[in-house]
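Following this line, the structures themselves.
Each of the next two complexes has chain A plus one more chain, namely chain B in the first and chain C in the second.
So, the complex of A and B:
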């Protein structure tokens, strides 16, 4: 015991896990009463959270897992039907396929576009020019606004004949599409809307860019590096941890797209020809329109598995390109 | 000492948290101070116009007897039914709730509503329009009482009729006339339409209404049989596509994107000359379109004599499964659906009520255009069809609508779309 403890302390002194272990161990050696009481008080203090977690998060989570194998309809039925719900997704429910396709389409385009957009914006806003604070505020503002009001604003901006977007396209001689009324253009319309609010990600990038040591840029200047080379060889590696974080969180977020389609399509139906029927919207319809909670639970768990696998892949790939300054990232 | 205090505090926090879970039930008193049973009544009627009307009815009921006290709870549209279901599942529902008329059977099947048969006899049933009463019956039992309904009419602009050289007292009676009139009523400035005579998908009407109208009033599922891919329904979709082609996609979209309600309603603003909407659209005309000289008529028939079929909706009042005071609740429901309360609702809202005598009594009280429109809607109930969702096909709409969308967007032909829709829906039969 002693030797292992000392190596641990030696290796990672200061990490909270180790410290806790140390106190537990020493409590055992010194006699339980005082430390045990301390621990008990600690557990009691966090117990509201633990109870909340067990009752409001873990409980429902496990319940929905169980429900996914039943025909649960909230009020009367809960018969075990095995993998029937999962089978139904792949064999019978063509709206499931549509919704999965729509969601993946959205993820594939929105994640790279918003990430690149946020980085580009951050690079532009990272210059020391007079009045820059003003522009930083302006570009960040859309991230502050949120929710239904913004969707309504965009519905007006995207209006085919009177909307600002098509009016502006008209100035340069482009006959704009009908956006939310045309199934070919509904998803691009949402992407356009998403691009408008990249300010949130931009702020993260800007923060870490400000922390990049100027010495490196000065050194690069002396070597005669071009702006692009400086960006590619200095800025990009230095901000890669944030890119990594941003890609993972926005992938998860994009998979959960719901509100936009629910608000911006007629009766939350998923738009013309189901072109905006996203996975979560289809799941919501099953749960709260038809009250087929068992099937909706199964859909939720499948989404969970998809997102988990993708995150794991991201983590694995991340090791290749994420650069942690002064450490291996652990 | 400090630690002891911390322990006590934490203990209190836990107790508080647990108490929070069960607090709701004990907080809701079952009786008023003077011993009346409290009946909780959930509606979505919270608007400035509707709330005072329903609350007056509730007050009248509360003052009429000394056993029951009805408490009105307003829940927003969309939340009310989800919340109802959650409360049924939790075993603590409202006593009376307003719910959708077309899905009573679903709720009966899923044991979400109380069976009201023991309170209902034939003389009670006969107070209501038969086509409405049908919607509340399931497996030979009654699960709700119809409250109100609606029907669709053709509103037309008489001034525009005169301008176009049409007789303002002679609205179109058939689809062919509708087309002929519409062309005359179109008014263009160069390539741009200033006024569109008519477009079948504008107003409170959709492709499904026209398909039903064409098909002798038959819906998509009749007596358990799928009647989606019928020649008349295909014809109706083709007919709608013809309109779209004539006006042009751009015109349709441009108009549609600018539609609003009240002053911005295209019929009120004079941008569209003929418009299908529910009877209560009249209140908008009255309040925001004083200058509009309008007439009302039944929706034109597909061919002469094939019927002016319109689609209807509406609401019922019912007792959620597990309610505490079903007897008292039923007493209130009887009051709510009886002549006096229903007449008051009809006169104030121009809404079609389910009680036949109340509808007739309301007619006698109304005058002028109020009466004109209300009379037309009451008369139209005879040709109004309800389409309750069959329990075997609980979400057939979500399968059908995309196929209709695709046909209207020109991605496929109406023939193929309806064939595919019928196959898809056949597959999901429960």
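So, the complex of A and C:
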């Protein structure tokens, strides 16, 4: 507060100077200077973000676009090679196709599974039951646990003979698969691991559901609606904007799967039969194992284009099913 | 369908509700067990002897508790050093993240400057860009700057703002009445003073949210150190854990002991600041993929 007082004194000290000018003009310049001050302050305050945006986002984006048409490998000069990198992806690089397939497989299963899982969990956790706070805490806990320790834990849990998962499957008479050692089961293994932390997405749905007025449910009760009808006609429309948001962000997130595969396969080799060679792992290997930066940049840009197209499609489709309050004549 | 005649006890709303609640509770209990089981397995394995881990069928409770596993695992590598490195990165990164993002968010929320809305749209749209797309050129940039094998590539970005945290803090700040700021302006306070003296204290819950998410993110970060750090003495815990995979022939008892140790701060943080985790994730979920 002391410093603000000094500013006050400072401004007053400056005011006699302005008073010398014509009153109208002084009001104008004063108004302008306030505006100019705000402009200046605004740009100064956001300058870290501007620097970051130009230096770490926009600049790199443009650089990688340019590099994608070259054979740049960090030590060499950049030679323009036209669309050679892009051609190589589609015609010569079998692993590219494998990695794209693996990634799309993962996206197609993980996005609906985690979204549906999060909604289901939110519905369950939205009951007024004793101990609910405890349940919410427990279900959310795995969402904060990530990193190498968790991947190692799951390697241990998924161990074919002595792991917890197959032990539990054994209790119900199921002979569990070899998970990370069987190319058919490596991706389901990752999905299982992903489902463990589905509580992360749940909270957002829960927050929205708690905002839905109980009157609507009570009215539905009087009309004899079943729980399913209430969910379908009341809850689902109310949470649809969040589902929309969640689908877009988790699609982008799922396309970036990397760490799990990198840690859980031998030095990022991609697992048995390349079944865990995801797009980003392949790109990583090209960029940082063989330093083929030009090719990796082309892969990066293709990823960017794919994700942008999918986001646009999601947005377009979203208009059909997303319900915005007030937009439906309430 | 509601019946017109006097309902039997099992037809009453109250009874149905009770049945439903019991069912949901049982379901949630079963689910909680499934959620907690892996964590129990980790702790249990970390205390077993190698012989017991290899045993079939596996045991649920360790026959004897080998707490020594923890000490021995810690001594297999310079873990103390790595823990201090990680702590340093997490703390400095968190401070930068809280200060810078709140400063930027304040401008977007409360200062009227030209092009503000357009710039904010750009902030939001950067959240749609996959991080992997900029990774290669960022690596090249940092290597040209001579920053490889230093902490700069891991720390500097934290001081340049993150779209998601800016968004989160701006949402929070929008809820703070403009009158407060106008009054301060009339008193002659500059925006820097308003930000420091008024905004920061009033947005404490949101700042704590940003702080714990930043800390957690830095603590768990594998990719950054993996890319930029070569020197073993500069390793972080995540990289340190990675080394177990190659050097030690999957000594699960050590591996799990170290995993428990690395996760422990995160778990403690979670239980202490649960409320903030839960609040912050209200906007954050999904973006973490």
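The rule we apply is simple: the second predicted complex is superposed on the first by the 289 of 330 C-alpha atoms of A that agree within 3 Å, B and C clash if a C-alpha of one lies under 4 Å from a C-alpha of the other, contacts with A are read in each partner's own complex, and residues count from 1 in each chain.
The rule is simple: contacts are C-beta pairs under 8 Å (C-beta built on N, C-alpha and C of every residue); 3 or more make two chains touch, one makes a residue touch a chain.
Nothing here was measured: the structure is a model prediction, and the numbers come from that model.
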| item | value |
| --- | --- |
| Contacts of A:160 with chain B and chain C, given as first, second, both or neither | first |
| Contacts of A:189 with chain B and chain C, given as first, second, both or neither | neither |
| Chain C versus chain B, contacts on chain A by residue | C |
| Touched partner set for A:74, first chain B, second chain C, both or neither | both |
| Chain B versus chain C as contact partner of A:107, first or second or both or neither | neither |
| Touching partner for A:122 - first (chain B), second (chain C), both, neither | neither |
| Which of chain B and chain C A:288 touches, first, second, both or neither | both |
| Partner chain(s) touched by A:308 [first = chain B, second = chain C, both, neither] | second |
| Which of chain B and chain C A:48 touches, first, second, both or neither | both |
| Common ground on chain A, meaning residues reached by chain C in one complex and by chain B in the other | 38, 41, 45, 48, 51-52, 74, 161-163, 288 |
| In the complex with chain A, residue positions of chain C that touch it | 1-2, 13, 20-21, 24-25, 27-28, 31-32, 35-39, 41-42, 45, 53-58, 100, 103-104, 106-108, 111-114, 116, 119, 122-123, 126-141, 143, 157, 159-161, 166, 184, 187-193, 195, 197, 216, 219-223, 227, 238, 241-242, 244-246, 252, 255-256, 258-260, 262-263, 266-267, 269-271, 274, 277-278, 281-283, 285-289 |
| Chain A - residues contacting chain B, complex | 37-38, 40-41, 44-45, 47-48, 51-52, 73-77, 92, 94-95, 98, 159-163, 178, 181-183, 269-270, 272-274, 285-286, 288-292 |
| Contact set on chain B toward chain A in their complex | 3, 6-7, 10-11, 13-14, 17-18, 82, 85-86, 88-89, 110-112, 249-250, 253-254, 256-258, 321, 394-395, 398-399, 401-402, 405-406, 409, 411, 424, 427-428 |
| Contact set on chain A toward chain C in their complex | 1, 3-4, 7-8, 10-11, 35, 38-39, 41-43, 45-46, 48-49, 51-53, 55-57, 59-61, 63-64, 67, 74, 118, 121, 124-125, 127, 129-131, 135-150, 152-154, 156-157, 161-164, 167-168, 170, 196, 199-204, 207, 221, 224, 227, 245-246, 248-250, 252-259, 262-263, 267, 280, 283, 287-288, 293, 296-297, 300-301, 303-304, 307-308, 311 |
